[in-house]
Amino acid sequence: MISMLIRRLLLGVVTVWIVSVIIFAGVEMLPGDACTAFLERDAKGEMLAHCREAQGLNQPPVERYLSWAAGAIQGDFGTSMSGDQSISEMVGLRVKLSLMLAMGALIGGVPLAIFLGVVTGIWRDRPLDVFLSTGAIFAMTIPEFISATILILIFSIWLGWVPGIVITPADAPVLDFFPEFILPIVVLGMVMTAHIMRMVRTSVIEVMASDYVQMATLKGVPFRQIVFRHVLPNALLPAINVVALTVAWLLGGVVVVEMVFNYPGLGRMMVDAISDRDLPVVQAIAMIVATTYVCVNLTADVMTMILNPRLRTLYMRAK
Amino acid sequence: MSDMAAPGIPRTGRLRRMGTVLRDMAASPSGAIGLTLVVAHLVMALISPWIVPYDYKVMDSGMVLSGPTGAHWLGTDEFGRDIFSRVLMGGREALLVTGIATPLAMLWGGMMGILLGLAGGRLDEVMMRVVDAFLSLPWILKLLVLVMTFGNGMMVIIPTLGFFYGIPVIRVARAATHDVVARDFVSAARARGHGRFGIIKRELLPNVLDTMMVEGAMRWSWMLLAFSSLSFLGFGVSPPTPDWGLMISESRVYMPLSPWGVLGPMVALSSLIIGINLSADALAKAMGIDRARKAVV
Amino acid sequence: MGAPPLISVRDLSVGFTGRTGATVPVLRGVDMAVCRGQSLGIVGESGSGKSTVALAAMGYLKRGLRRLSGEVCFDGADMFARTRLELEAIRGGQLGLIPQNSGQSLTPTLRIGRQITEALRLHCKMPEAEHEARVLDLLAQVRLPDPEVIMRRFPHELSGGQQQRVAIAMALAGEPDALLLDEPTTGLDVTTQAHILELLRDLAAERNMAMVYVSHDLGVIARVCEEVMVMYAGEVVLQGPVRQVLQDPVHPYARGLLASIPRLGERHLPVALEGRPPAPGEAGQGCAFAPRCGLAIDQCRELAPPMAPDGAGNLVRCYRHQDVGGLDAARQGSLPRRCDKRSGAALDLGAVAICYTAQGWLERMLGHAAPVLTVEGISIAIRQGETVGLVGESGSGKSTILKTVAGLLPPVAGKISLCDKPLPVRVEQRAPDQLRRVQLVFQNPDESLNPRHSVADILAQPLRLYYGLKGAELYQRSVEILETVRLGAHYMDRLPGQLSGGEKQRVAIARAFAAEPEVVLCDEITSALDVSVQAAMLELLNEFKRLKGTTYVFVSHDLAVVRALSDRVAVLYQGRLCEIGPVEAVYGPRSHPYTEVLLNAVLEPDPDVAPKLMAADVVELSPPAMGCPFQRRCPRKLADICDQKTPPWREFEGGHGIRCHLPPEDL
């Protein structure tokens, strides 16, 4: 068991290391460097030299990678091209705001998704299931900018209940974003809920058809007890990984939603940085998002390993 | 019951099998709706330039942001252009780009996945870490960096989408390969002494292909989503080319005055993506694959 | 039979809605009655509806099935008319079920103790505090060692036999009046099966329960039932006392079924039943068995016969039940072809050792010990035209050895030679001709035939590869080969999914023989098939042996099947050879203790033969590091010598060898 955990952990570390190489090499391979990209047409003469000096671009790539990586491990990503601000500080603020959105969507969405998934799985092919499953396909597949636009049209333009755009500045206290963050959370929550619900539904259907649920029925176990004791623990185990993937997606890929609502989160910062060609900031965000992704998946794997008695003995025996 | 042979007409050949699969798909209402939507969109993309009532770039300053009228079925946009004509033509670019990039992604991702699945060992393990690393980066970052650097021409977007969307395919193809390789008929072919290439072609591919078809349909829908998101963010198609994502983003500002500018393209894009997803579900069902069990990557 | 029956099924028909929308019956007019203290067996082949009857007795139908007519009464009232609460009280309480595959019927996330306690809480009124003691008591009653340990285990941590015992304990927890057993021992090793059946017999005697056994195995029924019901295509075709049904069945199907079972003491091959049962809904106007029946007359094809008493205590659904005795003369099993003792060597295994588990880099770094060899020291010399059977329980390494011979799993030590020439260990290093001469047939044709290939594609592969055939020639040859396995040219463009289990296995055998091999490796090729189909397969193999002098290595867990076909038998335990010799010698009086244990546990379809239980049915995960591999279970173990020293080979006349410390005169 311990050796399996160590192995899984090492794999995570290796993945993060490969990510850092990809990010660094990817930026290196782009034509020009951070300074020519940022200064664009002004990139000549003294200004360029000065910029390169400030960003330490005059050193050989391997050395630059090492010092960048060493800084990244300590949470220091250097300074941004534009404002000479510490990247870590800038990003930290945005991470907090993105996290808030993600938490909002998770707290509301995950329990709802599991509940709906279980309900539709148990009473599959009934009208309720058909209705909810069709709804889930819509929620899952309609692009976020469309669902966001529809919600804005209905709830903020026609009904005027909630603001459709965020105007609070990024450095304002978190509570100031109420009620502006309601719509973004609803949009994110819808997509996420639909994904998890579908997965849970399939899993429940599979377990409901299993021999052990039939056996429990024929043992005279009341229906409610079958669901809670025999179906749920087995059906929800595989859901852990899907929840993890959705969490990782929420933390990293909600660019479109942040752009639609003008929400000053990490995603918008990323697009802004790319538009400004502020490559050090892009590198930092990429690194943070990728590491989060790896960590969340790692946690999910370890959790499944611990919660699933079958896997647990498998690994114990492997030892 | 499983022991009974299905008495019936012998059907063989890939074409005939595709025929039965299509029939099975169309048999369920959702599959029929999905297929109809997809086919309708494809046909429209092909013929729209010849049937649209107005030129998509002709502006009419006297008819700005009008609602639906007899002349303009969906009204006009902020420049007085006919929304209906623009909606009809708005999927052409997206379908063309994804139509080329999807097979590209499936091809390279599929081949890579099958090879890694067969090779196993150290190489497989290292490559899978690289795949993980690529997957851990947000898609929009990967696309945007390249588009911002090299421009938004089709020669940039198609290979970029093809490359990045092929990476998750590696995983799927590799898993499917592992499933098939573990089965006795592959062992039987190995024991008979068939060459590696022959085994891949005859034993592996026909069985991996089903999974790949379903996967391809899903990749297509996600690629469309990515492409229209790029357009929506202003990094994809350049104006005045009609594109649903771009149209929504341009008309959003005028929503309080006239919602028709966003409604048209929203319905068009959503119906296409939903159509693809419904078809993918029906396809998976007809082929006996459980689509929802696949992880969302 | 004074008391009213506890379970009574009257005219029960069950069906489902087919693809075309028509109702397809699965059960047709089934009647059944079981009283307290009685045990009834339901026998039939796959698809006969026997399990559906048992589940219907609990008022339960699988998803998609529905009751078309009839009623199922338990304790006087119709199960299908009861409320959910009443059903919950009866199921698992008065009426217990022991399922087929207990490994999958126990909830994987719950500990054994909790699953049994759940049954107690639902069906027994006893204080919570006494539950644990009762669980321990139940586990001890089903003779599980260390109940305290078992209680805290998860289902997957137990062996198949232990899981089955837990399922029995769970059924007993509700103090049932009646037990339904759905193939309770299918899939278990012979020794375990014999132990479980003895346990069930004892329990039935102690508790005066009504029991319904569902099984495809007449040997099991013979052991535990007084009354038997034979089912065919959703109908009961014969019902009577077990002795009558097994010794002189008056229905042609039952007679054919019985003749298709291989026997331990019989030198003839079993006789196959030709044809296959109708698919659900396919049975026409007349008797469902008429198309396969040797006695069928026009009346049989036009009007289905009713169930009628035959005057000797049976109920039979046949117009010609008085004439069934005449069928036997026409059915005489052929003798297995014996090999010529002077023929040359075909396949020679020299001290082959195989290891399944390779160590990962992390395990090696952490200093774990190297794994024990899965198979060790296998030396067998096989002559041309000889059939050597490999027998042993699951985990004995018999299939592993075949994989190694086929070149799929290179051995860690030892040599293999084919016709006195060394055979490279890896398939990739073998010459085309060497590959052609050794062919492998797998256990499960669903796995070994590519579902995307038509029969023509499947047969074309060896023909193209080894003989370079093309076009018309290829087609011609494929059809010829199909005909040798008694399938016609019209099968050529079918896909495996459109064939029955037996037909698929025929195609797999045809594919192997298309290569004109000298050695055919058969890996449990009949264990996924019904007995009547199995008999046909054995006949087919014998036919090839007669025509082409093929050498077989025949792996099976079924000693009677091995007996039917083999010249010599090798008995394996934990990947080590225990005994090898001519069939008559190995199945004769002098044998290795393990062989003796196995032979005594075999169930024959004869109520007068009882198995003898000699060794505990412990499942061992890995062989002991030293000494005799069978030391832990051996009923005739000597002192420490068995634990410490590898036993010597003791040679007897006729090439009979036994690896045991016991002195030769005691074996």
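Details
Letters A, B and C mark the chains in the order given here, with residues in each chain numbered from 1 onward.
Everything that follows uses one rule, which is that a residue touches a chain if its C-beta (ideal position, glycine included) is under 8 Å from a C-beta of that chain, and two chains touch if they have at least 3 such contacts.
None of the values given here were measured: they were computed from a predicted structure.
Contacts with subunit B and subunit C are shared by A. A comparison of the A-C and A-B interfaces places the larger number of contacting C-beta pairs at A-B. Of all chains, C has its CA centroid at the greatest distance from the CA centroid of subunit B.
Mean C-alpha positions place subunit B and subunit C at a centre distance of 48 Å.
Chain centres here are Cα averages; for subunit A and subunit C they lie 51 Å apart. Separation between the centroids of subunit A and subunit B, computed from CA atoms only, is 22 Å.
By the touch rule above, subunit B contacts subunit C in their complex via residues 1-8, 10-12, 183-185, 187-194, 202-203, 206-207. Across the complex, subunit A is touched by residues 30, 129-130, 132-141, 144-145, 148-149, 221, 225, 228-229, 232-233, 245, 248-249, 252, 255-256, 259, 262, 266, 269-270, 273-274, 276-278, 281, 290, 292-293, 295-297 of subunit B.
Contacts from subunit A toward subunit C in the complex involve residues 3, 6-7, 209-223, 225, 229-230, 233-234, 237, 308-310, 313, 318-319.
Those residues of subunit C whose C-beta lies close enough to touch subunit B in the complex are 26, 45-47, 276-277, 279-280, 282, 403, 406-408, 427, 430, 432, 435-436, 438-440, 442-444, 447-454, 456-457, 461-462, 465, 490, 493-495, 497-501, 503, 511, 515, 530.
On the side of subunit C, the complex with subunit A involves touching residues 55, 58, 60, 63, 84, 87-93, 97, 99, 101, 104-110, 118-119, 122-123, 154, 156-157, 167, 170, 174, 362-363, 366, 368.
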